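Just passing along the structure, written as structure tokens.
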Amino acid sequence: MRKLKRLLVTGAAGIIARQIREGLSEFAETVRLSDMRDMGDAAPHEELVECDITDSEAVEELVAGCDAILHFGAISVEDRADIIHRTNIEGTYHLYEAARKKHARRILFASSNHVIGFHPRESRLTASSPIRPDGNYGVSKAYGEALARLYWDKYEIETLIVRIGSCFPRPRDRRMMATWMSKDDMLRLIGRMVDVPRLGCPIVYGVSDNAEKWWDNSETAYLGWEPQDSSEQFRDLFKDAPRENPNDPSVVRQGGVFASAGHFED
Amino acid sequence: MRKLKRLLVTGAAGIIARQIREGLSEFAETVRLSDMRDMGDAAPHEELVECDITDSEAVEELVAGCDAILHFGAISVEDRADIIHRTNIEGTYHLYEAARKKHARRILFASSNHVIGFHPRESRLTASSPIRPDGNYGVSKAYGEALARLYWDKYEIETLIVRIGSCFPRPRDRRMMATWMSKDDMLRLIGRMVDVPRLGCPIVYGVSDNAEKWWDNSETAYLGWEPQDSSEQFRDLFKDAPRENPNDPSVVRQGGVFASAGHFED
Amino acid sequence: MRKLKRLLVTGAAGIIARQIREGLSEFAETVRLSDMRDMGDAAPHEELVECDITDSEAVEELVAGCDAILHFGAISVEDRADIIHRTNIEGTYHLYEAARKKHARRILFASSNHVIGFHPRESRLTASSPIRPDGNYGVSKAYGEALARLYWDKYEIETLIVRIGSCFPRPRDRRMMATWMSKDDMLRLIGRMVDVPRLGCPIVYGVSDNAEKWWDNSETAYLGWEPQDSSEQFRDLFKDAPRENPNDPSVVRQGGVFASAGHFED
Amino acid sequence: MRKLKRLLVTGAAGIIARQIREGLSEFAETVRLSDMRDMGDAAPHEELVECDITDSEAVEELVAGCDAILHFGAISVEDRADIIHRTNIEGTYHLYEAARKKHARRILFASSNHVIGFHPRESRLTASSPIRPDGNYGVSKAYGEALARLYWDKYEIETLIVRIGSCFPRPRDRRMMATWMSKDDMLRLIGRMVDVPRLGCPIVYGVSDNAEKWWDNSETAYLGWEPQDSSEQFRDLFKDAPRENPNDPSVVRQGGVFASAGHFED
Amino acid sequence: MRKLKRLLVTGAAGIIARQIREGLSEFAETVRLSDMRDMGDAAPHEELVECDITDSEAVEELVAGCDAILHFGAISVEDRADIIHRTNIEGTYHLYEAARKKHARRILFASSNHVIGFHPRESRLTASSPIRPDGNYGVSKAYGEALARLYWDKYEIETLIVRIGSCFPRPRDRRMMATWMSKDDMLRLIGRMVDVPRLGCPIVYGVSDNAEKWWDNSETAYLGWEPQDSSEQFRDLFKDAPRENPNDPSVVRQGGVFASAGHFED
Amino acid sequence: MRKLKRLLVTGAAGIIARQIREGLSEFAETVRLSDMRDMGDAAPHEELVECDITDSEAVEELVAGCDAILHFGAISVEDRADIIHRTNIEGTYHLYEAARKKHARRILFASSNHVIGFHPRESRLTASSPIRPDGNYGVSKAYGEALARLYWDKYEIETLIVRIGSCFPRPRDRRMMATWMSKDDMLRLIGRMVDVPRLGCPIVYGVSDNAEKWWDNSETAYLGWEPQDSSEQFRDLFKDAPRENPNDPSVVRQGGVFASAGHFED
């Protein structure tokens, strides 16, 4: 695969970007990392840029010269709407505007399973299933998905929308046996995004090849992404866990405790 | 049908609310009208309240005491994102929060066909079709639809999401032969929203019974809404119109000129 | 349409058969009516036969000489399982066996909306929707539908399976605005069953052309049945009815109080 | 509606064209009629051109100067393959090539229900149902449909593919109660083809608004075609017809006797 | 996985239960086995209880103290309706009533491919495909599936409905290359039923990972069941078998000889 | 698997037949090879027959005595319509007529991905997707598919319709990473065609188990065909290829350069 000239990563100090950072050298000659938090030291192929995503001019400058963007920069937990709107709505808008003006052609938008978190666990979802967000966070990601689609239809900017499950080193609770995504499968997916001749604007569920499956990516099999890991290796972690109540809302819904949690008051 | 105690209408000075205002007396003992623009004189059953939807405390006060809300208050044309976000995203969020806190249980959310405006005209759309917004305006309405769904799933606030076509006294261009909605059909739809025992959170395309049909409301036929008007009565308006180019983007796409228009620079 | 030689009606003293009885003379030279209850006096074209549907030999005799059968004979309310099984399962089995042995070729099986009564009201159902019975009665009708399908696939006996909504002179409660079926529409349906060159084994929802629609019969439009009546004429009956709670189980579910009722203990 | 400059009709001496000929003056200033058989006298707005559709040069000349074409010229009954191929395959190919070279932009292709004639009558078909031709004739029309789609995808020539049922003055047998199409409904459909801003390449079942429906045109409702006639007015024609055997292949299949007929030997 | 306290197995002397009996110790501290036939000697973790499933009081006693039930107790071949109804309908009803009264929360209902046995072999079936039973046996299993769904919707008793293919040590005929299910895959499925946080009431086709596939379990992939065996290991068993006639009813239909067999006279 | 007596291969000198020729001895006692071009020397189990497929009598003689046919004989590139029609339409018709008259019961028809070549690459296609041919060649294959279906529905001749992707020793360009089919997977597919008790008339996409997937064969999983090879082994062949433009028509469409090529003038 031809390497990109320069790949931008927003939210570079976050939990996902930290896991995959090392592996990105395979995809680009230069990796530009951006965050407001400490990002450690730069490797020879890396550029570190401190940038506030809510500052539209700074974002434009950040994007200039990049072929592609991994947009992980967001509030990634449930929070007050004003906080989430500022970063996830205004920030994402700035990023797409910058891509349009500075001719970045391909973006990975880190969406979330919380866009569809109110679906019951026995529902099999595809990219076409109706959205059912489970909180302010999920609604903000629905905004981002709509924006990405607009920039594809109107401005030919391709986006890989990834509804990420749980991208951690290992599952943290029983629910993540279904939602876990390994860092290596995330890297494989990024590889396909970089390499595929035509990306378009697909919605992909970001999840490893776990035995318990809620989501069906067959509609986007043209990408050639075949996850290789599975949460089954971690099944014993939960063998002594107390039996859950099947009618507890956080067990009924795919979003887990996001769906059963109350409102974050402003 | 049992009348509501008090029905709130936001955006009461707008083009749709002005057409239906007189007819609302059938549905509620008191109609509370709100806008920042002049609303004329109040009828005996009306209350006029000037309110800025971007002011969360004012909105909370506005909603207090209302059983149901017709939320037409929005920027309804394509515009700069900052302007649209302020009213359509922040404003709509304030409205739903006010409904949650003040126990308004039923809302009509004035969404728009521009949420799906990039679909080609030969696509038959249902409530389940993927969204394809045709501009900042359409994206902001996608946000509102997602929010409405959240407040139903989590807080039991019912919303009738209406993707309004073109609610004018008569079609203004050839495209509106397909998208036109009469004020009487809008009133009939509001009547069903008020009367139906269980509303849920349906997505309905707001369009009269025109001969040219892009949208299929059969999934929500439980509402009992049967539009009675048709744009066919206006066909002669366009009989001398020049023949359109079938491959012009504004003819290809359901959103018309919204889809072919360029970006509104901030 | 060619009249049948002899049309058998079981459950002839029941609420549906009593409404349509007069109209059946249009379809058959002789109408054989059967029940264990009093059926009044026979018209010149009628034969009255007292018969216990749970007596297989009596049923065989009853069916002999009939071209077609309207099988309304059943326990039509929720009851103890042993009672329902005896009439609705054993009785229906005897009827189909009699049809097989005595060469009756076409049957109307009076199934019920209670076969699918646990679906929420905002679900649009077709003949292919999964069954979700709402009590012993509904389960017994699911048995009958399965049996009818077997006798079509294996023995070429055609059945019109009618999932009857509420076939009364007028709607008895607000829910029946959606489920009401007029006697004339039932007669029109029977007319199509008698006349159509090939019936097969369709599942049809037995409901008039009401404005509030839960069920979609388009899959069986080859029958040519077009109901002409609507419950809208009765809307005023419920105008002073108290507003229902949209989350009350009997309002959530299509089966109404059948779905919220407890178990009938044996 | 703006009239076309010149509308070409092939197969002008055939049963369909003869019925609609008079009505075509509404759609075009000049109607050019073509056939190898006698076409009678020309009205003032008509041009009569004798043309053999299997002669590619003659067809090119025929098409020159026409904005739109109604292509009815075909062998319309089952026949030997060599005869059908010559007219329906070679001839149709010449017509599309002529349209491409001479810039005719819009075509009505008279396809047939015999493209799907092996589907059972209880199947509800849409434009997306798999083809199941019932003879050489049906296969040749499948070729034409494929060709029309190619010329739309590659050359922007729009075609209204009409799978015509039975376009006669009245139904000729019991089956035509389902398949009958009135000449006025055909004319209404041609009107939509001429008027619609964007036609694309839809497949429409050509059938009136009969009570017995096998085919569902809702996917193409964007055309605005609403048939107004119904075969019900002719029901009495068949009231003394002998009862048909539901398992006779010509009753089982939509194509009727086409489906049960043997092969036409070359 | 947390072991169950006590797991009940009905039909413990039958062909399936005998194969899996040894493996059940992994899932429960105590396995209670029940049948009317000889069950051999009890292992230390086993309880043997002779019980007639048609005796409702005995069944209630049998179920008391059990967390979960594997309900294999049934007539599993085609037979006279009275025999099948007594065990498969009355018996299954008693079992569900006992579960309701004695608070057993999770059941495996051994349904059968003969519920859908009249579908042709080239049909790809899912849990949502219409039922098409191929005999009295299949109809009785359709009853059981309907009952299980009722007890989930109304009483929160979860059932894993398994439409078992052919659970034998090896395929017995060519058809079983498609329908074979290994005992180990059955045990894996039971493991998922015991372990999954929320079971609901899914319909699963009980079949190994054979190359020839008629049934699609992807709708229920949330269970995490991934069969590991395949009938391909047995392909040579049939290499000298005579070529079958593709239009023989027992080859056309999924149910095999069940579909082509005549009626079992009472 | 029982060997066939005699298997006919048309187009035996073509690129696909040459690759699989050696492997065919596994399926038939005698392999009859036919072409107009040089076929080399016959192996002991082979018969070489020179035959012009456009000569109906010669084809009839060729087919006599064969149980099954692999029909690869066709113009397999885009060309002038007259050339393609002669071989692919007339020739295929002769072949099916010969099969009907000489009682060959099972045919593999080498169709092509160019029948659906105008679908965009991000469309997931099944056997039921609408055809969208990308040239004269694709249209001729649509004819063949329609003919095959007719001969199954009317004459019980079974056809395996294979929409072959790119059956070459290795992918020749980046697009073939998605469309490549190995000769061994083709042989496995032929093995299933020969062995399966009931073939019917399925449409199968002929493609190996590549990572990039455009086509979904799950509807025909009853065949038991499981491709074992993958184009991933060849990925490095394209690692230095220039990056393609995602909006180039030959990249947008599945048919590649067939879709972007102009017309082959007669």
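Things worth noting here:
We call the chains A, B, C, D, E and F, going by the order they appear; numbering starts again at 1 in every chain.
FYI, contacts are C-beta pairs under 8 Å (C-beta built on N, C-alpha and C of every residue); 3 or more make two chains touch, one makes a residue touch a chain.
The model shown is predicted, which means the values in this text are computed figures rather than measured ones.
Listed here as common contacts of chain A and chain F: E.
Touch-path distance (fewest steps) from chain D to chain F is 1.
Distance from the chain C centre to the chain D centre is 41 Å, each centre being the mean of its Cα atoms.
Between the CA-based centres of chain C and chain F the separation comes to 51 Å, rounded to the whole angstrom. The set of chain A residues touching two or more other chains is empty. In terms of inter-chain touching, the protein chains here follow a pattern that is not a line, ring, star or complete graph. Here the chains touching each other pair up as A-B, A-E, A-F, B-C, B-D, C-D, C-E, D-F, E-F. Residues of chain B that touch chain A in their complex: 56, 81, 85, 89-90, 93, 97, 100, 115, 118, 127-128, 130-135, 138-139, 142-143, 146-147, 149-150, 153-155, 259, 263, 266. Of all the residues in chain A, the ones that touch chain E in their complex are 120-122, 124, 174-175, 177-178, 210-214, 216, 239-244, 246-247, 251-252. Interface residues of chain B facing chain C in the complex, by the touch rule stated above, are 1-2, 156, 158, 196-200, 202, 218-226.
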